[in-house]
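Can you read through this structure? Questions will come right after.
Letters are used for the chains, namely A, B, C and D, taken in the order the chains are written, and counting of residues starts over at 1 for each.
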């Protein structure tokens, strides 16, 4: 597999350019009988939109307004999947390609304009073509189907913005920390809006300066049965790492104690096992026969040991760089090789992190759905 | 692809348990005519060995002594690859399986003992079976072939220990920093041994305490032509991230400015392009037709833009957790679910980081060789 | 790869049910710069339609009339491919699903109704769902792109009906044989219509009897450079065999002398080599360096030796069974397990073979395009 | 997947040249707990050997005597598979490479000598290198593991020579037909040796003339549960067709009524369904929930409908061309492009068909094991 297809059994092929006719995905290998309809896909697409579905304003996002209505072309019959490929398309409507004419022959700093030409010899310059963040609608649509599949087994994926533009969200333990509130504000931070004033002020400052910010998304998955992951090359964390770094602005990923592990000691970092109740397992079929149920007193491992889920919550963080499109003046070169000064126009996010939250969840769902299906053949023994 | 095969065109299948008959790999898809012999594979295996080939003592490593002599079974004829699969095996000799009998029914903290049983219902308990770090000999053997392939195009991969047990190596710019010296000491740090005393002392302290340490490996690749990487799911950094997190003790990876990007601003982080000389490209075939040669004034991107190499050095860091096998007393449970106190015997590394250096290089080589072959069909246009 | 994705580098993912919203395909891995537009896809779809584009009537085909207008959603910019995934959809219009209501709970003999339920536990009963011959529109759309790619290298694929309902078309050497005429009649036979009276009469007789017929499609490809095919499992003929048997009604495939080889002798069957002119090769890059150009006095091998193209025309035949939908009364069982008498209504082909011709060509094009791209890395050496 | 790896979940990577150090395979994805030891692999390798294990002489085979002792290097622990990759090697011993020195610069008619050079620019000329029939030892070793896996579910694969050198074996219904006797004679024909005199005489005549013969292998698989096969591209028959045509001398394959279907009529060819007993299904998990058990009064389909197994015996035939190595004088060209007369020396089979029987079975087992694992995720619903 390579390029625009992801997964072995639960397999997504994504397509579409930012300003082409449509974007979308084909999901092959999803088992039959999974509830899927337009609404569950639309809901996730809505979360990905600029400003998303949060009740407050969307200070960090572009003002581009996309309808993003999904059209399910195949694979679903009478509200359930057929076992055949599920094709979903999202037509592009709101694109002022004219904004981009000036960019046909110039390479934007921090963007993939030049590398795509270096690779393919050509590019669709309108809105970054397929290197645009807009390509993630295909991922999110597919992720909605994967989430529906996973929810049958009690798997719950939740991501949030844990840091934006250098300002951290309240941490677990902080009085204002509330995971339940993460979807209630446009920053997707786990706190009431009033606790986020510093970050909102920082974003406003960046916007006024014509600059942009980055941030970190944290993702936690509960209800993952032990046994997921395909060593040695497709370990659960390895595939998640691929999934996360496949996102446009991602520059790093860490699991559990992550980079801090490097400075720790074995005696401090090893999570101590204890015997848990078998009933914590999802289904009897997933209970490893003759293997005692186990849990751990801490979760420095982030839910993965030796590349296989250990039944603890999966936990990882993804670092996103600042949006490269800024309205501050920058220097670059054009197709002729001449130096050019550039002020990027168009409608851009100041910080992509809140919108990355549902995308991180979608990619996580795709990895987990695939790992579930890959593990069936081992559960079968029971 | 999943499990024990990695890559699309330059494709490695690895096999072997820590205390089984042999470990090894089959490399399929390597073009014909690449110089390969026992010596180039043995040299890389030697670097992976406890203590490696460094002239000084090996304070961080296990005292297990493996011969690790590679046996090339196929795919090489008269010193060059045939284009057919290259099978390499390394027999296991020095294994005192008796050391492990006590571990048959107990699950070591921080190890994959229990998760492998939860997945497969069974495990080879001797030395961790296939979850052992020893499985990396197959990766290193394959990586040696990939390096030989890449060296035809001037690609040079060099990794080193940039931090061990919480103590950083001298940084670039520090008077004692010298990349040339990285292979001259057993820590694989880019400095003369005398500059590393603090780290050596820290390791010795950990050993005496029966504890262990982690660290960070930095990898830099020079001579990467622009255009490598297969968006959107098999971006160059995505595949490298998978490769790195597939390593047993890896807990995080970051590219270029990495996690620090998240706190920066677009105006500071965007690397400024300038026109470079076409002659810096590797071969005329790799020069993108009609696209101006480009270079960048900084390398915050770490050599990857939009998932495609941009001609700058690839640069990334991998965090490794401390070795979980410690001789300090720990609590765990056994197969019956009873609580057990455990002191891990056997010969173990205090810190695996120096030995991880050649493994990181090997995985990097495998990713790059595959990406080279995948890009051929685009270069062909010229 | 499995299921609805085909190919390694030139990779097609097909989707769509007979009476769903749309059918289509996503082509990933097609190099940039290949001329593709709606017209070249529409032309091939037209050939696949009942009655096709032949000037005479369509005595062998269903009277269902599909518009089959392709909509290119992505991957093509200013008339050429971008290197990104090319999504093409064909909306379904002319479907009288009511025709099929009676079939919701009954399993048609010779059809996949029951096996699809046995596999997935569910099916879209309308028109056979994805087991319908209509799914081939996705293949044909993708094949049109593959043909455009291949035509850049002078590869010409031509298939025809060599036997229908037990009556053979004129054979090469017969005075009425004319490959040029294969597309001029609705049977796609290489002869003037007047030479085909016996077959037309046989088809008419079958129609009147409410019965159906099968036939054989022969495919010849000229301009295939030597070196295509990936031993040992993805030999050129192995992949073509998979491609052909993936077609709904196909029951056999043979290459060159085929089944007749089994009764022959080595001294009669070996094709005698002779030195050909290097100029017969497509491009200098495809000329194997240091290997003499070669041709063969006969083509019993059908253009493949050891699974690799030998520069002679590829030649193979595919056997198709009679259309299972007949209006003669048949016995079957229904969902309750009760015996039922069945007369299949709806509009069905008497013989699918003429319409299979462009589908055989499309699948051939997909295999060859993939094999071209896979071979690039070997040609690169020159 | 391509080249030397076959399968999606039950995945075999084969390697080795005819006169290299060793041949073998790595099987990845085989579930844990399958009984595997040296003996079950050795038994199948024995069947593949010249003369095989049949009690009578081996009139059709080469006199080369290979020990073919398998060495299991990994993936098996205490007599059962671990779920990790199973590496098996078979060392080459009996190779008189000297026999082949004369062939270094000459291209044998009917062999892949020239096409491999055209592809790779180089070849191992000794015994055909990897294009030799000897490469099938890796397939047979892997097939033995697949058979052990399948036998857990009652799947029984049996192939035999149904025609050799133009003379057919007794057909089912013929008084001398006895499938039980197929393994009792060196021709692997389902009849007592005395009924095979005509064929033995024909082979002897070919040997004296320095010529060779081909033949047909028929394969029947009983106990295949309904539901195996992955439409639309990886239908059960499509993957079997690939598997069969990947064999060196195979020139055709047909399923059920095969090529004869093409001349039949729907009313004659459709197999009539009837309700069978649920108990005929292998396991309750494989019983499609809410779908009535079904069987068929005839088996023209050969056990596959719409690319999915229908519970009837799988039945197909593979045509093999005559061995191209003959001692009759032939004309060819050499590396310099000069015409050469050639008499192929060395020890060669007169007819490869009896030895192909276990290879056909092995490839069938590999396809079925993979299809079983791919279907697990659908059976899981029950």
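Rule of thumb we're sticking to: contacts are C-beta pairs under 8 Å (C-beta built on N, C-alpha and C of every residue); 3 or more make two chains touch, one makes a residue touch a chain.
These figures come from a predicted structure and were not determined experimentally.
Engineer: Select the interface copy of B-D from among B-C, A-C or A-B: the correct pair shares over half of its contact pairs, counted by residue number.
Structural biologist: Residue-number overlap above half with B-D among B-C, A-C or A-B: A-C.
Engineer: Counting only C-alpha atoms to place each centre, which chain is farthest from chain D?
Structural biologist: For chain D, the chain whose C-alpha mean is farthest off is A.
Engineer: How many angstrom between the C-alpha centroids of chain D and chain A?
Structural biologist: 45
Engineer: CA centre of chain A versus CA centre of chain C: separation in Å?
Structural biologist: That pair's centroid distance is 39 Å.
Engineer: Could you tell me the distance, in whole angstrom, between the mean C-alpha positions of chain C and chain D?
Structural biologist: 26
Engineer: Chain D: which residues touch two or more other chains?
Structural biologist: Those would be 1-5, 8, 14, 29, 32-33, 83, 119-121, 130, 374, 378, 381.
Engineer: Help me check something: in the complex, which residues belonging to chain B touch chain D?
Structural biologist: Against chain D, the touching part of chain B is residues 1-5, 11, 13-17, 20-24, 26, 28-29, 32-33, 71-75, 77, 80, 82-87, 89, 119-124, 129-130.
Engineer: Would you tell me which residues of chain A are touching chain D in their complex?
Structural biologist: Interface residues on chain A, with respect to chain D: 8-9, 29, 31-33, 83, 285, 373-374, 376-381.
Engineer: Once bound in the complex, which stretches of chain C touch chain D?
Structural biologist: Spelled out, the residues of chain C in touch with chain D are 1-6, 8, 14, 107, 109-112, 114-121, 130-131, 135, 163, 165-166, 206, 209-216, 226-235, 237-246, 248, 250-259, 261-267, 269-275, 288-294, 300-302, 305-311, 319-326, 328, 330-339, 374-375, 378, 381-382.
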